[in-house]
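The two complexes that follow have chain A in common; it is paired with chain B in the first and with chain C in the second.
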Partner chain A sequence: MVSRRDIFKYAAGGGVGVGVGLLLGEVNQRPLETLLSTHIPPEDFSPGIDTWYNTLCRMCPAGCGISVKVREGRAKKIEGNASHPVSRGGACALGQASLNALYNPDRLRSPMRADGEGGFIPASWDEAFDELSARLGALQAAGMGRRVWVLTGGALGSGEEALSRFSEALGANLLRLALDTTANEQAAAKAIYGFEGLPHYDIASADLVVSFGADFLGSWRSPIAYAKAYGEFRQGANGRRGHLAQIEPRMSLTGANADEWLPARPGTEGALALALAAEMLRRGRGGEDVANWGGLSGAMSLAGAAEQADIPLARVEALAERLAAAETPLVLGGGAAGAGTRGAAALSAVAALNRVLGAPGGTVRPNLGHAASYASVPDIEAFASQAASGNVSLVLLAGVDPAHDLPDSLGIRRALERAELVVSLDSFINDSASQADWVLATDSFLETWGDDISSPGAGSLTVTLQQPVQERLFDTLSITDIVLRLAARLGGAVAQALPHADAQAFTRAEWARVWQSLGLNGDFNERFRLAQQNGVWDAPLAEGMADTISPEVPPPPAAPGSEFAGGESEYPFVLHPFVTQGFREGQGANLPWIQELPDPLTSVVYGSWAEVNPATAEQLGLGMGDLVEIESPAGKLSVPVVVHPGVRPDVIAMPLGHGHRGNGRYAKGRGANAASLLAAQSDSATGALAWAATRVALKALGKRGRLTRTGGLSRTLGRQILGPGGEH
Partner chain B sequence: MSKITDTLRQYRADGYFAEFDYHWTMAIDLDQCTGCGACVVACQAENNLPIVGEKRMRQGREMKWLRVERYWEGDYPDARLSFIPILCQQCDKAPCEIACPVFATYHNQDGLNAQVYNRCIGTRTCAVYCPYEVRFFNWFTYTWDEPLEQQLNPDVTVREKGVMEKCTFCVQRINRAKDLARDEGRRVADGEVQPACAQSCPTDAIVFGDRNDTDSAVSRKMRDPRAYEVLKELNTAPSVVYLKNAREPLHAADGGGHHDGANAQAAEPRAAAAEPRMVEAESAVT
Partner chain C sequence: MPRRQEWELTLSISVFEAARPVFTGLIVAAMVVVGAFVGHWAHGAWLNDHTPVQPIEFSHEVHAGENEIPCQYCHAWADRSASAGVPSVETCVGCHKGLAEVRDRPEIEKLFGYWERGEGIPWVKVHDTPDFVHFRHKPHIRAGVECQTCHGPVEAMARVTRRVDINEDLRMPWCIDCHTEEQVANGRDCLTCHY
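Let's turn to the complex of A and B:
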């Protein structure tokens, strides 16, 4: 019987050893040899036989379980884990393309230190740890832990727990960063449903879904779980076909699949939702829990809201009719609709509509009692101002690229310039890492241990175990490994908080701790082995873990429209940045499969674009592929246009995630970064970044841009490709 | 050679395609397909499709055995976009098969339209004959930037310059399942084998199976009144069946109906007109 670890040893000692030797410059040395004969391979290392490992996808915060096909010690293909409650066998383009990150030619193969001339030179882990622990130790000894800032993402796994404990013991600051955070949705859930955390939406059992800007089939929250539910919603076993209405200024992937697409004026979604809620109350849809809401005094009339949203009243009335008649309606809100300066209020209005329709407890259910909490704009600005006044000694970038993903107007790029020492833990020299003094090469998530709690999840406690599916390709460590080794070197309180040897030991210890704290019986070792096999630990929520829907809540206040940065005369268009499934906020740009995957709506590959309505294009004399300059109060860029009828004439839409200054050959210099146009606007209630509240001006540059599109005609021209009958 | 022509004649005789050992068929429900592209990446990963690069993309040399086509209807604000995944239709009366001078493409015992790479001499006739534009010619020997080649699937051949390639219904998976079933003395069970695209589909829009088994999921899908074949009038007898999107026709909701079927050409809107001809010319795939 050969254990998993032996197999990895075998892999390292065999063919892989040769490669590693070469990489370390030991060309003249004889490669490590092994006496193990390949004629008697370990049981799951047989040439020609697939081995499948269940693990966790870390490309976005959804927490999907995946199954990875491994052949001869190398990951070959990623598929959804069929027994995982979130992914249920599905896998998105980005998750599958994460193999491109593992085998990326520009992936860092060892720690790198800045050479002082804008480049990087390879270094050893000992050098890196020596310098880092000396700097951290000096700061700690001087009681200046507050001068250390740890910047990370928003996952809920044990790796993040290690970072938190590390920061806490050091007295450092921790910022959880993302462009599109869950803060406004959590605030709305707290205000209207009375529970903490993100709601679980049951799309599959809804007969009507009305979505205010939530691109749940493309990029919003948990796209695979929602897509699985959508498949049932459309052609499920119950024999009923659900109706989908999408309200958004630019057609998202979800809007393209909707039965009706209502292009509302940006920033008016909240008022429209509240007006619909008042209309439902008038029609007697509300139950006892909203008896004290009266007529919703803050709400506009349906006609007023329709006019403000610039949607024909007849269509809004038809929608109200459908809502009133629906048996199990569900209203969703998210994306740009929840990212204005009144985003939390808009999402509260959406939640209020759900409440009036009686969705809570049915299609809207409480989930885990906690979700990631992100840094607000004031938090980020505090970091920037500390850096500006020279009070930031060390910045640890733990797998995030804020210099690209977040707007320049927040001042993160300048803060990184001012900080004394910047250390990036990443697999690539991305935009932020290029400003660092050290870049510590990290593992792919397929090479190390960890876990994540799926959020929003599937209505149960879903903890997915992440385990290595293959031996490390290069001289890398995981973020957790780096933190643990630093802690050991620092000693004292930090080492006490994190006494574990490596990510594997830490992950296991965390699971054991949770196992104990939940008071679960049985053999933990056996349970952990099962989790390794299944990739997931799925349990009904224990007592107190899920909040309950509060029986009575105060009515939501009026939802005033969003305020936009930039005057309407100077900046006539509203910028609508959108997240795509492949690129997200920048995570997919260095993956060639994603660069070569045509964008679902525009079929653009390799580069970014701005979407313009045909009427606007005609007015400005623009054709497909013409180059324009887009200017906002915060910045400007040039980009080719795509003309299509799925965007409002007063809106310019741009995908996020493009326009990297670094990040490897596939990402670098391709397209323009829409985030650089965004003003530092924040939500008036939560302080979350209002990333859809900037106006822009558009200027034709009189030349063609570099726009590459696949596919042929955009119309079927009567060929009945989409089926017999009709105009298809 | 005569054996090949005889076999081919036999395969092409009327009614033969009802007698395949297995009759592998795919049903794609367009009411469930969201156009997300997960299947496109799954296919690329499984079948060692090259990364052609931006320059080749601009030249129209996209190499995707499975692509999602998109079609617009109507004008703003009553615009609608529809998606349809297009892959080799594995036609039982395949126009490409009669074209090949060296029988590099032929019909196999399972109704698959197979391509023998080392028999192909690259005349590209098959691609010209194919009405679905799903055959791709290797004008170059593509390489992978090291170490991306370590991802390559060892079960699938890497093609070289001068060879035509296309979707195989993941024949390597089919063969594996058939081998296993034969070893165990049974037939391949329904759902036992799935091509990469069907496996990855997040909405379960793609169903794959044996049409000879009337109880299989794909046979049930084929009996749906929404089922149709693309370019049916060409009489190619495709093995890919689509289920029409069940959305109400555009404008039915508001009673507008200002451009119905008869006016499809007249309603051809600005967006298409605004597209330069060049972009369309670039898209010739072979």
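Let's turn to the complex of A and C:
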């Protein structure tokens, strides 16, 4: 029997149900999306259809041509430009991740001025230019242009030309800063091959490559170009599979790909190369051009060099055997091998080995680009001492972050504190910019004009055009634009040197100037239009333009071992800082795609680490992820340990580019900065910064650090992927 | 016979009466469930925003209906791209700056407001497919499908609505039926739309 009361209950239940249903419907409703119309659409605007623009990647100095996919007026994806002779369709992780810089939430949207309390407040371009030009004008009028210092990075091309002309007309000092040993490579090329600039290495046509510290597949010089060439070298473009031997104290990406990895003691690479060169001469490999070298009587014996380098003599002899038998061998030298206190001598020894093997003119050729000349340690110290004595009035940081990328021991951070006015031209408040009075927000390279001459190039003169692929997102200007506007306001000699309206006009004018200086015929406008389309001008060479190899040069100097800062008893390990493709010296740290990309050898993400040999780890009682304090004569830091067999027991390896004080949310406070450990060592011949010549001590802190790795097993779990006998 | 009656009587007294609160509870629960379905349906039928209010009360009835402006005059990329596109503010103003007789209407004032401020108009999406469906206008337009087949009689709508009975809110069976009927190449292949 259903009662009246029951009926009420059923009805109430139904009512509650309907309410619940309505609520569910409301909650599950698709949120409304907006479809924002354009105001005035760009000329090439078709919603849903890609437009690809060829331009230049500026994330490192390699000068790769890239193709950028643009949709609805926004850059969406970066690939290599297939018709570019350097990149040949390849693009590295850092280049692809440069979109993260363009759309970064921490990117500056307008000029910023310091508020005096460690923060920054937005300002207008007019305010910035008013103050800057007033200061510069006063200094110029007082004849004190020398008190202005322009610090820039390694980029070449029109942008660099504008900065040089600006500094010159102002009478200012220009310092090119990078953790770089180009000067050593140039000195070696000049001494042994007899030409200016960096050599072009033809890896593809070699049958044997011996690399002394050059991580050419990961980070050295032009990894994309070398990786393409390496593919041909390995897959037998000339009917045979090339053999690769890598000599370095810590296994790099190139070392991991090599047929043999020889972990030589740091700083002994030059002596080993010279001993091999002498051995080759003994075996009669040298030609007429080295007849005056007297058999390199000053070189060590193979046995002596093997012992010094701590490599079994049998392995060195086997390598000598291969070198002697090779038809088109190529020896590379770079990275840490060229960054000791005897780096130039070590690279000269490597070049001498090439010369004895007959590589110059074959696998080693003159390069047609011009490499940047970086500031030497004495140059940087001069800047620091000028600042310390109060003689620096204005520092213009043009897209560099020396407070992070260079060792503290050089005194740049202190110099920036002492300078009267510091102006940073950057897209982020990076470590150096946080010390600035003004930070002028710059464009992404995808929003502006410029160019670069690839060095090392592809064996021809490769000039790549940089053009905007989209409109500016924010109220920003390029470094060239800022320099040109400042010049216009300053007037006089500076304005005369730089009379152009903007970066586009300046780039075009520079191309026209080069066009004329090369004496080229034809329609320049048509050429420029083609370059905009193809992204590159693979230029024909005028007669006599190419450098040539000297027929005869004096014998190479002896290659003594590198000297290290810090005594061996107090600091028992050599610090091996290494560059990774994604982070470089710090340029990739604010890009989330780079932070989340596992390191190819250790699979670490979002943080830095120190690589320690298992034997050393056992001795010190360290396990994977344990926190250690690393101390050098120049500084100390703490970092988690990766126990890794690919590093010598007497070496501690650390990636560069981590540990920022600023530079946005993805970089700030993540990892530790290996550069802060480096002593202010320099090359005895060129004065280049010897960034691989510091010893360190290691102390376990007795706690675990934060180490995030995507892998973790070094075993193959029976998958037999290492071939017979490779199972463990 | 008396025996059976006795049995029924025993059941009604001892089992049904004892279980009575349970039955009531079950029926109330069932009512809640049925009610929820009814409520959800009612929400979809009457309360869902099928017909969103737009930032400017633009009337397709006036433009496409009375003035017979072809769809692709404004949605110019329908035959060339995945998306048909919405016209730029420049397109609207291009005609309207010559139409002085409607210039002072409040909605036209709004349009010129966007134009003068240099802003785009944040139209509200009426038709949308989920992110896992890649609908492309181009092949449909090129195959001669009328816009109205999916969008309904837009030329008769003062405010565009997606409540059009024929397409059941652009659900997949409706797509598949048409692909089957028209014998579209790979028209029943999952990867034609889900990729």
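In the analysis below, the second predicted complex is superposed on the first by the 668 of 728 C-alpha atoms of A that agree within 3 Å, B and C clash if a C-alpha of one lies under 4 Å from a C-alpha of the other, contacts with A are read in each partner's own complex, and residues count from 1 in each chain.
Definition applied: contacts are C-beta pairs under 8 Å (C-beta built on N, C-alpha and C of every residue); 3 or more make two chains touch, one makes a residue touch a chain.
Computed from a predicted structure; not experimentally measured.
After superposition on the shared chain, chain A has more residues touched by B, the comparison being chain B against chain C.
When both complexes are overlaid on chain A, the residue A:P560 reaches neither chain B nor chain C. With both structures placed on the common chain, the touch criterion links A:P572 to neither chain B nor chain C.
Judged by the touch definition given at the top, the superposed model places A:G362 against neither chain B nor chain C. Using the contact criterion defined above for the overlaid structures, shared-chain residue A:G137 touches neither chain B nor chain C, since it reaches no partner. Contacts of A:S46 after superposition: chain C is touched, whereas chain B is not reached.
The residues of chain A shared by its contacts with chain B and with chain C are 48. Chain A makes touch with chain C in their complex at residues 6, 9-26, 29-30, 32-41, 46-49.
The part of chain C that touches chain A in the complex is made up of residues 24, 27-44, 47-49, 52, 77, 80-83, 85-90, 114-115, 118-125, 128, 136. The touching residues of chain B, counted against chain A in their complex, run 29-32, 34-38, 40-42, 44-46, 51-52, 54, 57-58, 60, 62, 64, 67-77, 79-84, 145-154, 196, 199-205, 226, 228, 230-231, 242, 244-249, 253-254, 259-261, 263-265, 267-272, 274-276, 279-280, 282-283.
Chain A meets chain B in the complex at residues 48, 71-72, 74-80, 89-93, 96-97, 99-100, 102-105, 217-218, 223-224, 227-228, 230-231, 234-235, 241, 251, 253-254, 256-257, 259-261, 263, 312, 314-315, 318, 473, 581-582, 592-598, 600-601, 603, 605-607, 613-615, 617-618, 623-625, 643-649, 665, 708-719, 721-728.
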